[in-house]
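You will see two complexes here that share chain A, one where it goes with chain B and one where it goes with chain C.
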Partner chain A sequence: MTILSICAHGFIYGPILVVLIYNLFNHEFARKHFFWFAGTGAVWQILAAIGGFTALNQNGQTSYAFGAFWDIRLAGAAFFELNATRFLLLLIVGLVALISVLVAHQTVDFNRSSYTNLLMILVLGMNGMLLVTDLFSLYVFLEVTGLCCFIMIAMFRSRADLEGSFKYLILSELSGIFILTAIAFLMMKTGSLRYADLAGLGQRISAGSGQLEDLLVYAALILLISGFAIKTGVVPFHSWLPDAYQSADTAVSILLSGAVNKVAGVYGLMIVMQLFGDVAPVGPSLAAVGIISIIIGALLAVRQPQYKRVVAYSSVSQMGYILLALSTGTTLGLVAALAHILSHTAFKSTLFTNAAALQEQTGTLELKDLGGLENQMPVTAFTSIIAFLSTAGIPPTAGFWSKILIILALWQAGSPVLAGVALVAGILSSAYLIRLQRTVFFGQTRPELAKVREVRGSVLTAEVLLTVITLGLGLLYPYILLLLHAGGIL
Partner chain B sequence: MLAILILLPVAAGCFLWLARRHYVISQLGGLLFALLNLAAALRLYQGGQFSVILPVTVPGFSLTLRADQVAELFLLFAAAMVPLLLIYSIGFVRDKKWGGLYLLYLCLSIAMVNGALLSDDLGLLLFFWEGLLGTLFGMLLLRNRENPRAAVKALTVSGLADLILMLGIAASVYSAHTTLMSGMQQLPVTGVGALGCAALLMGALGKAGCMPFHAWIPLAAEDAPTPFLAAFPGSLEKILGIYLAARVVTELYAVKPGSAVSVTVMIFGAATILLAGAMALAQTDLKRLLAYSAVSQVGYMVLGLGSGLAVGVAGAVFHLFNHVLYKTGLFMTAGAVEAAAGTTDLRQLGGLRHRLPLTTGSVVIFSLAITGFPGLNGFYSKELVFDAALEVNVIFYLAALLGAVITAIYILKMLHSVFWGQPAAAEINADQRQGAQNQPAAAAVNPAADQLPTARQAKVTGRQGEAWALAIPQLLLALACVGFAVGESPVVDGLIGQAFNLQERFGGFPKSAALVIISCLALALAGADHLYGWRRETAASRATDHLTGLPGLRQLYVAAQRGCFDLYVWLTAGVRAFSRLCQWIENGVTWFYDIGVPRTIMGAGNWLSALDNGSLARYLALAIVGMLAVGLIFILML
Partner chain C sequence: MNLVIVLLIIGLLMIVAGCWCLMRTFHLLKMTIGIEVAMKAVTLFLVLAGRISGKIALSETFVITVMVAEVIVAVVGTGTAVGLFRKYGSMDVRNLKQLKG
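Showing the complex of A and B:
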């Protein structure tokens, strides 16, 4: 057993192990000490991602294939595969899980056991999505992920929770139908759903051939893009997202925006782009969805009356950037998309953690009830401003580098107009976030908020940790880009 | 040698500024400097031409000083004026608080004039040229720091002329491929050359005070001390402006008589003569009258130079010399009148010939000279300009002749109302008031007050006799006028003709008897008109009222009153319109950012929010629509 194989199998067995051991204890003990179990699971995920990536790099390999407990050399056996991109996304999953646990430690009270179990299964589902090498397995793990999410949104048993969860459920099922239909169409054409077999399919079909199978492949692509776009939450597939984010507990919102819609949605589109990027309309449709999403998401965010809804629509807008980067189909575009996923995880999680802090300390997230909390909650205000700067793409934050990479990628791919629109739309991001900052943190302190104190403990830790990541990445990005350049990737 | 002529006045200025409290020392120092300056200029004149390259490097320019015949002639003339200007100024500013700075600026101006006359490089010329504008601004600022309207106007108007000059220099340098004037010989007046020639001429004549760049001069006549008028609009600026214009016409560009540039310049000249003369007719203030007269006389020089003919150039330069002599003298007279009577209002003055006999004597000579009375120097130069004008077009000749009549009318009115006639009753009151309020000024005008320090005595002395420091320069100038009249032919043929390499001889009494007779008739007409006006209105100061009340002219004055001929008014109106435009644009931009964009964003946000109404059916429909849109993209692109 090498370190690499331990780490690799750990992604599958780690969450399962945590769930098994956690449920051995009696309910009261488990409820009290959920933090340590869930935290261990999350930290293990982070360590496995870092350790595995280091081991992979030292071996000089670019990818590592393995089966869970079967031999991958058996004919027709499905297998898992690890590479640098997947390691990065696994790391993000671990990080978001850790932040969610830190926040849940303070916000979740009665449902801690369920939360822990569901979190671990959710992590397992996302790990599975990231590791598999065929479309059908991807779909299976997607459903696992989705199921965990519905329950997590709904488990707090308020009416709003149920409504948000129900909408997510319905839209997700629509996406499941789309994806499953697409898989069926593809199966009709190729007889195999392995990525390796599907790659290059675009070369083998043509629109003018008149064969039904070929047309069905195109229909499958439309359905795949739409299905994953629903999961990503981009305009016009975004409607469920604000309701779900708003109604879920903040610890769950962090999971949804930080990991789930990236793994379940963006990663799926990434796969589509990798396999079918040579089909002409795939890139442009992603770009169209992306640019509409950037603008409309930002416009919607400006007018929202509630903190988490603003942040949710901001997510819609930022997902648009990631799709725009993906739509180029170039290596630089992929790197830019991954960079923005990382930046977005850091700053959006910060904003949600701030939301948790505000909810805990003031009891409300309605913007009209908040104001002038700068002096009462200095750390929250500061971290929020850093997150805002990162969202708007202002140096020296992580968001600056990822946005500039996206714009460079668009420029390099020959779409200067899109690059210009992406650049100008950054002003819109500033608009809604300035509004948010101004109403919540600046100005006159409301008399009823005068006794509010800064949040303590794990939420504060999460805020600081994420801000350190945002700023640290901002400073490290040039170095990382140089490394990528030296490695011949850029 | 050449640098001395520039550095010497600077040193003299510093000296006079340091010695500003000691009248005798500064008078002697000023005299010494003026004589040194004159000696240097003379030495240079005799030494022939040579050039020096300054040991300073400016990329694109070779800073060269050059003394050639034209420059030396003008330099000599300017140097000859310096002693008179200095003595008069030192006498005038005595014991005034701003006197030291005034003398410093005056000496710096002399340095600038010397430098500009000696510059061969156009960039260097521009440096001295702008330096003169700077000192002019400083001098106008001295007495009116709170409300420097004349200074601002002068800076704006002359600044515009200088901008045009810069344009001309740029165009000339572009077409000649050198910045040295010695390298520009008879450039063709076409294309960029035409622009360069026109802009250079305009800038140079603007400096000399040609319309429409004259606007600041009458205002300065109200605000500035009289020696300033004698020094700037009277002599230094005219010398410099006409020098450059003469250079442009005779040397730098091949200006053909009758070409577009030539005719345009002549039109400007004729307009200047007539309009400024008409304005002078209506003035009731001695200094303003003289200021407009100075502008009007520039018109003759412009007319002569613009003709492009040899006779015109000779006439213009000779007229410049004569003009500098008599107009400086007239301004000095005005200063003496102001010092003696405390006012320059024509309606309050009268009968000063008894109190100021020396001034009266010289002013008669100046008046005869300026009206072109046969036998005096102004006559000769005007006849030369008439010749040139007639040769180009008879219209220009008629304009010049009409100008001469107008000149004679207002000079007669001035002479009559100031030095003859009865002092108005108000004059005594004004005198007493002046004695009570402006004791330092009254004391300052009289060098004899050295021994009579009290204000009362100074006033008495001032009333009884004439101030020598103010009278002597006038007498010298009057003598020079007569001298130029007697030695007219050596001056025209010897000095000017030689300097400009004119082949023909223009000296001596005018050859065309008809023209002389017409001129004499014009003068007689002016005299008759003055008599008629005087009889009609029974007051010399209103002798021109029957003319200024004429239908055409009255509207002209109303228009002038409203500033229709005032370049400064045009400029400020233009600037105001421009700033209003900018304000409008600025408001538009501000509206765009403050109201337009936010309102659009908010509106779009509201509208889109209304779409997201929480209905699941709509959400599903949106998702389906999205899928169809993606499908549409596929269909369109396949």
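Showing the complex of A and C:
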């Protein structure tokens, strides 16, 4: 047993073990101490991701294949695989789970046991999506992830919760139908769904041949892109996203925006781009969805009446940037997309954690009831400013560097127009963020909010931790750029 | 017209029927049924894929897994619909107006 194999198996067995051990205790004990169990699961995920990546680098390998409890050398055996991209996304899953647990410690009260169990199964589902090497297993784990999300949104059984959950369920299942139909069509052509067998399909299909199977492959690509775009929540498939984010408890919103729509949506599109990037229409269609999403998402965010809805539409807009970076199909594009995923996780989780702080201290998130909280909640106001700067792409935050990388990737791939639009659209994102910051934190303190105090405990810890990550990454980025330059990518 | 084309057309018609059901009905359970009808069409496509590519055993395992997944989705969807019925006293989807921006 090497460190690498322990870490690799830990991604699968860790969450399962936490669920099994957690349910051995009686309900009252479990409810009281949920923080330690869920926290252990999340911290284990972070440690396994960092340790595994270090071990992989020391061995000098680029990827590591393993089976959960079977021998992968058997003929036709399915296997899991780890590489640098997947390690980064696994780290993000662990980080988001930890932040969510820290927030849930204060916001979730009666549903703590269900929260812990569902969180661990959700982490297992996302780990599964990231580890598998064939499209059908990807679909199965996508379904596991989706189901946990539906239940977690509806967990508190208020009218808004159930409504948000039902809308998400219908659209998410529609995306499941799209993806599965695409899988069936691809199987008609290739007879296998492994990534290794599907790669290079572009050479095997001929556009004008009119063969039924080639036509079906094109249909499959359209369906795959729309399916994963629904899961990502980009325009024009975004209608479920603000409703789900607004209605869910903030601890769950953090999970949805930080991890689920990146792993279930963007990672799926990454796989599509990796397998079918050589088929002509895939890249441009991703770019089109991305650019529409950036502009419409930002415009819609300007006029939302509720804090979490503004942040949700901002998520739509930022996902557009990631798709734009992916659409280039180059290594630099992939690196830029991953960098923006990381910085988006940090700043968007900060904004949602601030939403939890505001909700806990003032009892409302309607923008018309908030105002002038700068002096009462100095830490929340400061972390929120840092997150805004990062969203708008202003140095020295992490968001600046990842947006620079995206623009460089677009420029290098020969589409300066898209790079220009991405640059100008940054102004739009400052517009809604300045509005949000001004209404909530600046200006005259409203008399009914005079007794509000700064949030304490785990939510404050989460805010500070995320801000340190945003600023730290921002200061560290020149070093990462040097590494990229040394690797010949930049 | 051979069998493959006929089955493809039947499957597409079932998906259209499911989506039509989603768009035209305002009943929560009927919407869940619409999703299920479309999902059944997809299992038909998987069987067809096994027949065309000659890997019938593989496609059978896929179909069984998909059946399990869709039943769980139907259960969760119905559960949410029942929860909404308890809040509103009706299954009409037009009641859902809490979330707006």
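Annotations
Here is the rule we go by: the second predicted complex is superposed on the first by the 486 of 490 C-alpha atoms of A that agree within 3 Å, B and C clash if a C-alpha of one lies under 4 Å from a C-alpha of the other, contacts with A are read in each partner's own complex, and residues count from 1 in each chain.
The working rule: a residue touches a chain if its C-beta (ideal position, glycine included) is under 8 Å from a C-beta of that chain, and two chains touch if they have at least 3 such contacts.
Fair warning: this is a prediction, and the values are worked out from it, not measured in the lab.
By the document's definition of touching, of the two partners only chain C reaches A:Val140; chain B does not. By the touch criterion stated above, A:Glu454 is placed in contact with neither chain B nor chain C.
Once the two complexes are overlaid on the shared chain, A:Gln304 sits against chain B and chain C alike. Using the contact criterion defined above for the overlaid structures, shared-chain residue A:Asp197 touches neither chain B nor chain C, since it reaches no partner. When the two structures are aligned on the shared chain, A:Asp278 is found in touch with neither chain B nor chain C.
By the touch criterion stated above, A:Leu174 is placed in contact with chain B and with chain C alike. By the touch criterion stated above, A:Asp369 is placed in contact with neither chain B nor chain C. Of the two partner chains placed by the overlay, chain B and chain C both lie in contact with A:Asp243.
On chain A, the surface touched by chain B in one complex and the surface touched by chain C in the other have residues 163, 166-167, 170, 174, 242-243, 300, 303-304 in common. Interface of chain A with chain B (complex): residues 163, 166-167, 170-171, 174, 178, 207, 218-219, 221-223, 225-226, 229-230, 235-237, 239-240, 242-243, 280-281, 284-285, 288-289, 296, 299-304, 428, 431. Interface residues of chain C, counted against chain A in their complex, comprise 4-5, 15, 18-19, 22, 28, 31, 35, 38-39, 41-42, 45-46, 48-50, 52-55, 59, 62, 65-66, 69, 72-73, 76-77, 79-81, 83-84, 87-88, 96, 98-99, 101.
Across the interface of their complex, chain C is touched by residues 136, 140, 143, 147, 150-151, 154, 157, 159-160, 162-167, 169-170, 173-174, 176-177, 180-181, 183-185, 187-192, 212-213, 242-243, 246-247, 300, 303-306, 309, 313 of chain A. Those residues of chain B that touch chain A in the complex are listed here as 598, 601-602, 604-606, 608-609, 612, 614, 616, 618-620, 622-623, 625-627, 629-631, 633-634, 636-638.
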